[in-house]
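Presented sequentially are two complexes of chain A, the first with chain B as partner and the second with chain C.
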Partner chain A sequence: MRVAIATAQVPFVRGGAEILTERLLGALREHGAEAEIVALPFRWHPPQKLLDHVLAARLWRLDEADRVIGMKFPAYLVPHPDKVLWLMHQHRSAYDLFGDRAGGLPDTADGRAVRDAVRRADDAWLPEARRIHTLSPVVSERLRRDNGLASTPLLPPLADAAVFRAGPYGDYVFAPSRLSATKRQGLLVEAMRHVRSGARLVLAGAAATPAELETLRAAVRRHGLGDRVTILGHWIPEREKVELLAGALAVAFVPRDEDYGYVTLEAAASARATITCTDSGGPTLFVRDGETGLVRPPEPRALAEAIDTLMADRATAARLGVNARDHLAALDLRWEHIVEELLR
Partner chain B sequence: MPGAERGERAVARRADPVHGGQRGEQPVAGRRRRAHHGRHAFERPDPRAGSADASGDVELRRHVRIVVATTFVPFRPAAADGPADALAAACRVDGAEADRVRLPRGADFALAARLTDVGADRLVCLDGPAALLPHPARRVWLIDGTGLDATAVRAAVAAAAPAVHVAGEDVRGRLAAAGVAAGLLPVPADGAAWARVVRALVR
Partner chain C sequence: MRIAWFTTYGGRSAIADYSRHVVEALATEHDVELWVPEARGPLRAPVAPIVRFTRNPLALARLHRADAIVYNVGNDIASHRAVLAVAGARPGVVVLHDAVMRHYYGGLVADRTWSPERYLRAVSLHHGPAAAEAVAAARIPGGDLWSAADTWEQAPLFAEAIAGAAGVVVHGAALEARVRAAWAGPVARLDLPAHPRAPLPPPPADEPVVLAGLGGVTANRRIEDVVGVLAARPDLARRVRYVVAGTLADDRYTRALREEIGRAGLGDVVRLAGYVPEAELDELLASAHVFVNLRHPSTEGASASLLAQAQSGRPVIVTDGGSFADVPDDVVLKVPPGDLDALAGALERLVADPGERAGLGAAGRRWAAARTPRAYADGIAAFLTRTAELAPLLALCDRVGRTLAQDDDEDAERSLAAAAAAIATLAGSVCSRG
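What follows is the complex of A and B.
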């Protein structure tokens, strides 16, 4: 079977979705399919450009493929008689992130017009797919709420759970993630102002913008937290991440409405508890409060209390971490299952 | 094309000032490092781009961003892919940010390509159909004669003049017959020659 993975490509930008696409490609080939990634260029600025790309998505043809797997907007709108979606996320700036500075589409007459066009495109053409799968229940819920469409989540596993290891529970909370407003590292820096124990915070990840990195650094300076907060403002190599996870007290991952959140899985594979927020989306699928981590409201004092709790009681940090690892193993997430569903 | 997304993108290359002594700069190689510094489209260019910040601990550098574009028929090898990957790699060696774009050729290809904006400071098209992509700084280097039978493709190649090169005499002859002059730039066999190709196409 010839399978084309249709996804969007923003030139020069590479993130979790791109890595996931390549892993799916590998899994399809391992399954014996003749698979190829078709990455269609996409830019969303200015807003009119976004609509050009939606129209282009309807004009590309992948007739050589027996099956198309659509993953990202607007590439998932490409017409094909045998299309199945594994939807990473919609164009969220036309939905829940509309008008949000971090989202992209401004709340202006032009912005609203583009938003409505995006929604109409999704409403009209998403149902062309034979089946709709999503990355997670969070994405499925948005699709149900915003477009009235039913879908089934297929949760991707870690690429290689075996590389993660569990070392002694240290004195720092580790937060690996791209540094950006939506990942809310600023909330963690604020929380550190209220931490009474000797716990430290280590943030690691490339900044979405130099300004966002500087904002975090300025907050650290302003609050005199220089000796307790470390910012590794760059993409860290996998091996370094594994080591930082292995020696952490716990992991903190407090994004706003994350689609899925591999960080939580990596923490669990390293037998670390995850501290997350009630509104974090994907992470709350895995983190059960008091069982596999701590779930708190997105407030600095509440997060500080969570950090102090684990610092004061390493046995609890270890217990939650081991529970998280067992829970992840019990979920039995496998690429094989995802491929079978997408090729069914 | 928004200036905010072109050229001015700054790349923070240095590590943390707080524990700078503990963890110095990590040489995170190639595309990964660059790719994770994407700036959101709606933000303004950072005025500090290209200079160190007040504390001197962040080095911000400008990169020329180059897209190397080809087209392909899904599940079939494309002659231009190899040279395109090598050109992108040579651009990175030269200090630029480079990314590849591969467009599927199908029924409504020309219109879809015309609607597609790849961004970047430079676009280098390695086959005729890829030359249909609109871009203010478009260079063409035809590896073979793919697509040149189509009038629209020949016109798109001609519109890139004088920045039109070909890898072989046969294609140069075909373009000359259509009234398009092209420089000869064979596909190099070694690294030093790739640097010359980068200079010819991108500088």
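What follows is the complex of A and C.
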């Protein structure tokens, strides 16, 4: 069976979506499919450019493929008689992030016009798919709310859960993620102002923009947190990440309405509790407050209290972490299952 | 909504008067800036912040902040050239005040901005090769292409002025039909607003009956028709005075008119008053019993002078054609073009019957009263919102069309068809409303 994975990529920019796509490709090939990634070069600025991309996707012809798996906007709109979607997310700039400073589509006449056209495109062409799967219940709920479409979540597993290990519970909270306003590392820096214990914070990840990195660094300087907050403002190698997870007190992951949240899975695989927020979306699917981590409102003092709680009681930190690992194992997330569903 | 309103805003332009009243109404609800081409000299009242953009071209960089741009465009090259130049670079909504734009493009030929060949190519593009041949054949030897008045209707060239626009506003049904036939983008027809004026006192009860004409004195005003009727009917001529107020724009025509008036012994009956500023117009309007507005052929999309006349409560005689054909038959007295007997009959009826004058005048006043700047401002604001929704999609059509036009094979045709279908879906109801 020839399978085309239809996705979009900002050329030479690699992130979680690209990694997930490659993992799916590997899993499909392992399953025996003749699979390829077909990626549309994507830009979101200026806003009108989005419409060019939508049109480009509609003019694609993937006749050579027996099955198309659509993953990212607008490539998932490609017409094909045997298309199944595994939707990472809609183009959120046109939905819940519209008008958001970090969202990309401005609340101007042009921005509104492009937003409406993107929504019309989704409404008209998403239902062409034979089945719609999503990355998580969070994405499914947005699809239901915004487009009135039913879908089934297929939760992706970690690529290689075996590489993660659990070490002694250290004195730092680890927060590995791209540094950006939507991931809200600034909230964690603010929280550190209120932390009474000796806990430290380690942020690791490439910055979405140089300005966002500088904003975080400035906040650390302004609050005199230089000796308690470490910012590794670049992608860290996988091995380094595994080690930092293995020695952490806990993991903090406090994005706003995240689609899924691999970080939470990695924390669980390392037997670490995750501190997350009530509005963080995907992470709250895994983190049950007081069982596999701590869920707090997106407020600095509340997060500081959570950090202090785990610092003061390492046994609890360990118990929540082990619970998280057991919970992850019980979910039995496997690529075979995803591939079977997508090729069904 | 932030609106950049491009318009001529000085001199004797009716478009400047229109902009003054419309922008005044628009500015009560929206954030409007008046972008005017006049680098110096007096302007109409500053009813909104004014940007003299030819004096400060860098100001154009601010246009990206506007939610909507409006370009008021007419046939006079001196008034509209700078506005159309910006319109060509930054798409916006074009208010097409004239149904005929060929004098504008003829002006480009006259000042050598365009070659005659380019002009004929434009005629061929918009009106077909036969029209281009007719225009070329009608060219006066040694003269400018636009001197050939008999090809106005055949090759009006308005489509050149609206190419690439985000939308087009017209003021008459006839022009609307022509624009829709030539252009696929969104079109709105709005009623040209009457300017707010204080009610006029009734005209003097005694004779002579004052016949008045308003607007620039050019051959298409058909003033010679009225002179001809009065010359042939001394009884009628004794009972009237005929005053024409408007710029004496065509020396040759004015000279011929004066000669004819002299030959017919109508020196005491007919007066060419020249340009009358808007501030002094009320006096003239108040003295008139009947307006005669025979403009034919007409280059306008709608007649501002007819509105002012109807608003005065006096009856108006018009030629049945052009934008006057849009006016209901019970509001004005229409006479066929060039039919002097019909014109004489209409004049004799109105001179003889004050009751009919009053009835027709009241109908005209009611017709004009419904056309307010407020209603117009609301109408154009709604249209600007709609075109803003469509603008990125029109730009997309333009990009796709230009790209695919470079190929003429079957694949390109198929892609064009698929692209058209996809863009229609993206446009959704915005497109069907357009």
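We adopt the following convention: the second predicted complex is superposed on the first by the 344 of 344 C-alpha atoms of A that agree within 3 Å, B and C clash if a C-alpha of one lies under 4 Å from a C-alpha of the other, contacts with A are read in each partner's own complex, and residues count from 1 in each chain.
What we mean here is this: contacts are C-beta pairs under 8 Å (C-beta built on N, C-alpha and C of every residue); 3 or more make two chains touch, one makes a residue touch a chain.
What you see is a predicted model; the values in this text were computed from it and never measured.
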What does the overlay on chain A give for chain B and chain C, a clash or a fit? fit
If we overlay the two complexes on their shared chain A, which of chain B and chain C does A:52 touch? Say first, second, both or neither. both
Look at A:116 in the shared chain and tell me whether it touches chain B only, chain C only, both, or neither; answer first, second, both or neither. second
Once the shared chain is lined up, is A:178 touching chain B (first), chain C (second), both, or neither of them? first
Which of the two partners, first being chain B and second being chain C, lies in contact with A:187: first, second, both, or neither? neither
Superposition-derived comparison: chain B or chain C, residues of chain A touched: B
Thinking of the overlay built on chain A, is A:108 touched by chain B (first), by chain C (second), by both, or by neither? second
Quick check on the superposed pair: does A:124 touch chain B, chain C, both, or neither? Answer first, second, both or neither. second
For A:13 in the superposed arrangement: first (chain B), second (chain C), both or neither? first
On the A-aligned overlay, A:166 touches which partner chain: chain B = first, chain C = second, or both, or neither? neither
Please work out whether A:38 is in contact with chain B alone, chain C alone, both, or neither, and reply first, second, both or neither. first
Please give the nearest C-alpha separation between chain B and chain C in the three-chain superposition, to the whole Å. 5
Dual-contact residues of chain A (chain B, chain C) 52, 55, 59
In the complex, go through chain C and note every residue touching chain A. 1, 67-68, 388-393, 395-396, 399-400, 415, 418-419, 422-423, 425-428, 430
Quick one: which bits of chain A touch chain C in the complex? Just the residue numbers, please. 47-48, 51-52, 54-55, 58-59, 108-110, 112-114, 116-117, 120-121, 124-125
Can you check the complex and tell me which residues of chain B touch chain A? 2, 4-5, 9-10, 12-19, 22-23, 25-26, 28, 31-43, 46, 48-49, 53, 58, 60, 65, 67, 73-76, 97, 99, 101-104, 106-109, 111-113, 115-120
Under the touch definition given earlier, write down the residues of chain A that touch chain B in their complex. 2, 4, 9-15, 34, 36, 38-41, 43-46, 49, 52-53, 55-56, 59-65, 101-102, 104, 106, 178, 205-211, 213-214, 217, 220, 226-227, 229-237, 240
